[in-house]
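Next, two complexes with chain A in common: one pairs it with chain B, the other with chain C.
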Partner chain A sequence: MLPTTFGPWLDYTINGLVIGNIYALLAVGLALIFGVSHLINFAHGSVYMVGAYIGWLCVTKLALPLPVTFVTVAAGCGLLGAVIERVGLRPLRNAPRIAPLLATIGLSVVLDQSAQLLFSPDPRALPTQLPTWRIAIGGGSIGALDLLIAGVGIGSAGLLYGFLRFTKLGWAVRATALDRDAAQQCGVDVDKVNRTVFAIASALGGVSGLLVGMYYNTIDPNMGFQAGLKGIVAQLIGGVGNVPGAIAGSLLLGLIESYGIALFGTSYRNLFAFVALILILVLRPNGLFARARRLPPEPLTGTFIAPSRPLVLPKWAVWTLAALALALPLVVQQPYLLQTLGNAWLYALLALSLTLVAGTVGQVSLGHAGLLAIGAYASSLLALDAGVPVLLAVPLAGLVAAALGTALVYPAFRLRGHYVSIATLAVGEIVTLVILNWESLTRGPIGVTGIPPLSVAGKPLVSGQWVYWVPLIVLLAFAALQSRLLNSHLGRTLRAIREDDVAARSYGVDLNRYKGLAFAVAGFIAGVGGALMAHFYSYINHETFPAPVSMLALTMVILGGLGNVAGAVLGAAVLVGLPELFRAAAEYRMLIYGVVLLLLIRFRPQGLLGTV
Partner chain B sequence: MADQLKNSLPKKPLLEIAGLTRRFGGLTAVNGLSLTVETGELVSIIGPNGAGKTTLFNLISGLDAPDAGAVTFEGGDVTGLSAERLAALGLARSFQHGRVFGNLSVLDNVLVGAHTRLRAVKPQIPLVGPLVELALALIRPPSVRAEEERLRAEATEIVRMFGERLTPRLDKPAHSLSYANRRRVEIARALALHPRLLLLDEPTAGMNPTETAEMLEIIRGLKAGGLTILLIEHKLDLVMQLSDRVVVMDHGARIAEGPPAAVAGDPAVIEAYLGHKAVGAANQDGPNQDGGRDAEGDAARILVAH
Partner chain C sequence: MTDVLLRLDRVNSFYGPVQVHFDLSLEVPCGQIVCLLGGNASGKSTTMKVILGLLKPRSGQVVFDGQPLTGLNTPQIVRRGIGSVPESRRLFGTMTVRENVLMGAYTRSDAKSVAEDYEGVLDLFPKLRERHAQQAGTLSGGEQQMVAMARALMGRPRLIVMDEPTMGLSPLHVDRVLEMIQTINRQGVSIFMVEQNASLALQIAHRGYVLQTGRIVLSGPAADLARDPQIRDAYLGGAQAA
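Let's turn to the complex of A and B:
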């Protein structure tokens, strides 16, 4: 039902501006960090979540007065920001550009999972001590909290402006943002600038989390993921690294969301932000307020991916390992073990797919779980609703995932580096949101039940051994195909794009064509993987393949070595198989993945088997 | 090295640039520049740092698009054409600071140079073309394997031009090479394209005198083989020895053009390199013995000496 009078629209506007103010607190911090360190900080959302929890402790456990709560949150998160910079990012200053990006992802997982372990995954109420009066304005109304949020937003913008404009450290920050090396030559302590910027940004982010907790009166350990993304979207709308742009972008995003909800309903809320993100990246990749186009500067060699010498397994070793893996069910008969390893092989398909695009072509996709979801839904719905035999539905699902996946990521082909990661992350979220909202096709939040198992000649392959063998055989087939692909002219062409896309273009390599090919092959492999998962699990819904699965896949790929086929299989076996076999408690698993990712980036960025 | 010259278009220059302009905000990096390169000619572009030489290369090679002006290559208008299309037309370039593919072997780097010549790459039909290419890469019929073998042999042959410097490192990743060797790989990669026109952006930057002399011989050999070359270079003795014609750029515009000897004596050129006062000083003092050791110092000395 559309509101027909003016009053509700005023409410939506006020609501949009309030939410926009909250996004602004996040986006300004992200813009400052990007300004001095050219890094899109994926851990920013987690700092925001920590801010909300510090606030919750202050309000409910310590019963502190509101101003003290604010100061505590800002101080606590500021400190956290400085620690993140010192421990997580400074050691990576001279590492390839991909390293700090991945480190912020790892930090974000560690923070979110620690909060989940400390405070339980359940949402908690964060009551506000503010009075509940509301001022009526022309049919709408404004409450005390709205005014507080607006006040904090405008106040911090003012303070920040004063700091950057009138203090010596503020000048140093601006100088570093303009030219880091020149600033350092002039005696600016760049480390101090970085620390300060992370502290300020994190303090603002923490306060933002506290305000959101109060606004909705609920907080949970995973609240940071979506919020961090929104901050990134807002910052991109305004143009990365542009502080006033970030504020304008945030208010705009808040309004878009608020009006969007008014027109279409709450369940579409996040869709607007991500569609807006894709549109901005495609139409105005430098933001709404950016100036002229510029050619990216010439890099020295291999700036995005670390130089490495891969470990090449001899042919006989590969054949022996494959034969041993195939023979395992003849020796080992525990169904639990076989099922676990079978699951690891299914995840290895995802890792194989991701290592092709992230490793071989250098397009670090953070939305790869979306391809699994497309494959799983395509195969299940083809089998259930269209009556296609499962054996045919699985490869068809692979084709659907290849086509849809490539089409969805196509707008991001013109992007580079961190922007690809953000765009693919958004595409992954869009897939989940479409599955949730397109009820007539996907059955919405209920999910798909009673998915038939894979069967050959009427005999369902559900017993212990087949749960192991089917994924393994499919995996070996795809691994062999991918190795063959990497040995052909396509292998060196794809890797040339990763190493230096400008030089590749100058030698006639059409980037769209080869990125499209890589995503299509990757989509097919992941789609088949997702389809097999659906037929083994027999039930899927929009939460079967959440964003952390994409993170897990990335960890597998980095553990094995970027672009390394054997490495992808090894990574999946280690990260899915080992925790299961050691019976590590499920709630610690994601934390372990996050820590593994951080340690790898710091100490062995080329992975166990090396970048190919 | 170059393909057989086509005789269908006699006297038509291979590359013709007319009124090319590129602005970056308030700065006009290339300002109404015109230039022609005849088939088989070696034309050098010199000028102080920031004169717009590399921007000009980016405009010619399709990595950047001009704000005004036109580029004609082999009689066809190629203004604003993408880099990948220009590569397919036979235009190859090296980069000022070196852009080799770090994690690829020397051989693979050179083979990427031959990318446009692969038969599997040729079908340009959307959707079908890439799928055919994928199928050919996976199935690898005898024709594809033979082509790959032939190109490998040819790439090895090109690398051999650089003698003992590169040949033993054929299978080493390019990131393990010295700076000078990366520049050599870049040139080898450009030659694998079988270029109709080769753009070299400071091929001897960072090389010592011995290495520079070797590079001079290689470029001389390429020229003798009939290859058309457009060269940006700061080391003027090399320019003087190799060029048929020299174009001097300053502030994005052409300030002089002609045979090497004529350009070297041009007061406008000396002024561009040494500043206004230096023109008079140079005329009085003769060769400047205390010139800097950098390339521009060299340039100034040679200009004044002429």
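Let's turn to the complex of A and C:
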């Protein structure tokens, strides 16, 4: 129901500004970090989550007074920020710029998972000791907490302004952001500046997490992911690296969300943010407030393709390995083992798809799980609602994923580096949110049940061997196809685009067509993978393919060697198969992936088999 | 105290696989103005980067005041007493003139003498006094060059390295800048300047080196170089050699 009087709108406005203030605390930090280090810090949301938990400990376990809680949160998160700079950024100073971005993703996985292990995945209440009075104004009302949040927001902005404007270190921060080399020639220790900026940004981020926890009276270990993304959106609206812009962008985003919720309902909240993100990236990559002077539209170029000599398996070895893999169920009979390996082959399809996009074309996609979801839903719904035979539904689902995936990412084709990663991350989230909200088609949060299994001539393929064989056969077929493709003229063109898209364009290569082709092939492979998963699992919902699956896929691909087909298969087998076989407790698995990702980026960026 | 303030000793530097310097050796005696001449892409700016530690040579060393600078990073080298006026000024565009100049004193903690020195450089560059609250990026080229020199002076360096300080300036400003360099030098600061415009540089320099594709091909007192037929042909005549 639309409110018709003025009062509720005032409430929505106040709510929007309060939320905007919380985003601003995040976005300002992201802007500061981007300013000095040209890095979009994906671990920022995790710092925010840590801030909320430190606050929770202070309030519920130590019963500290509120001001002490705030100082503790700021100090704890500031320290964490300095550590992130030390581990995530400094050792990778001379690596391609996408490397520290991947490192912050790894750090964020590690932080989120550690919080889950320490505090359990369940939400916790974070009660405030604030008085509950509300001042009525013109039909709306303002509470003590609203005022506190506004006060913290404005106060932090004031402190930050004073720091940047009147202190020596603040000057060094500004100078480094403007011209890093010139600052060094004035004697500025850039490492110290980076550390300071990470500490300040993280202190603000942590306080933001604490405030959000108090505002909604609930915190959970995964709260950081969405929040971090919101901070990035707000920062992009204001223009990357622009501190006042980040504040304006945050308030705007808060208002958009609040009014959006008023008009459409709560479950749409995040959709606005991510659609806004895509629109900004495509239409105004420099932010809404950029002056006519155009900044370069991408903060960086350079892929994560570490130079290496890939391990090339001789033909007979490939055939032998394939034959051995196919013959395995004749020897190994345990259904559990076969099922695990079958699952690994399904994930290998995802890895195959991602290694084409991220490796061969150099577009590091962070939303690849979205393709699985599209394939899974398309195949299930075709089979259940349209009565299409499963055997036909699976390839059709591949086509749907290819078409939809390419269409969704198409607007981002002209972006490079970090921006591609952000855009694909948002696209992945949009897919999940549409699935959640388009109830008439997808059944919304209930999910799809009773998905029929794959069957040939009326005989369902559900036994242990088939759960293993079907994914393996599909995988081998796609892997062979992709290897052919990489060795063709097309493969060489795609790699040329990765190495230097400007040069490739000047040779008359139509970038959009080639990128589109690569995304379509990748979408088809992942879509078929998702479809097979749906028919094996028999139940899916919007949380079957969450964002961490995309991070897992990325880890597999980097582990095997970016662009390397055999590497993608190996990466999936190692990361999905091994933890299962060693019965590593499920709750440690994501933590292990995060650590593996971090170690790889730092010590073996070319992966196990080498990049292609 | 040594007579030679700065010495490059058989430096070989690379950008990736591409070698820029081949056994480059040169010296800046205490209290002198030394210029490094050379055409486009001969490796002049790279010499500055090597001195300032922005690029590590693969072999050879830079010795300042008798101490090798090997292993020091740029801020540490600056703290040893080397100021710099980078190519095309490299001011902090959205910071004020005052902030820019004072950034040069970043390594110093003696607020009082910094304030005195700041007054001192404003006396040297009176134009900057009027402009102290203006954003540096909005100044004219000549004014920006003054800010860059003032900034370098604020660190109380013993040596200032300058990359093409007269580039892109009007003839009037060129003369002003050259005068300034001499004034600074008379206060006891040694100068190492990189220039394409040999006739200008040799007017004020004591010594000169000529760099060609990363090798020193000629060196000597400035007066001799100015008379050298090779230089006349290559740099002082009409066409500039690459």
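To be clear about the criterion, the second predicted complex is superposed on the first by the 599 of 612 C-alpha atoms of A that agree within 3 Å, B and C clash if a C-alpha of one lies under 4 Å from a C-alpha of the other, contacts with A are read in each partner's own complex, and residues count from 1 in each chain.
By definition in this document, contacts are C-beta pairs under 8 Å (C-beta built on N, C-alpha and C of every residue); 3 or more make two chains touch, one makes a residue touch a chain.
Not measured: the values here are computed from a predicted model.
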item: Partner, of chain C and chain B, that touches more residues belonging to chain A; value: B
item: Chain B versus chain C as contact partner of A:L330, first or second or both or neither; value: neither
item: Which superposed partner A:V188 touches (first chain B, second chain C, both, neither); value: second
item: First, second, both or neither for A:A586, with chain B first and chain C second; value: neither
item: Contacts of A:L283 with chain B and chain C, given as first, second, both or neither; value: neither
item: Chain B versus chain C as contact partner of A:K168, first or second or both or neither; value: second
item: Contacts of A:L481 with chain B and chain C, given as first, second, both or neither; value: first
item: First, second, both or neither for A:D179, with chain B first and chain C second; value: second
item: First (chain B), second (chain C), both or neither touched by A:A386; value: neither
item: Residues of chain A that lie at the interface with chain B and also at the interface with chain C; value: none
item: Residues of chain B defined as touching chain A within the complex; value: 24-25, 58, 61-64, 82-84, 87-88, 92-93, 95-104, 108, 111-113, 115-116, 118, 120-121, 129-130, 133-134, 137-138, 140, 148, 173-176, 182, 189, 193
item: In the complex, chain A residues that touch chain B; value: 291-292, 294-295, 298-302, 305, 307-309, 481, 484-485, 488-490, 492-493, 495-496, 498-500, 502-511, 513-514, 516-517, 520-521, 611-612
item: Chain A residues within the chain C interface of the complex; value: 168, 171-172, 174-175, 178-179, 181-190
item: Sites on chain C touched by chain A in the complex; value: 52, 54, 73-75, 78-79, 84, 86, 90-95, 99, 102-104, 106-107, 151, 155
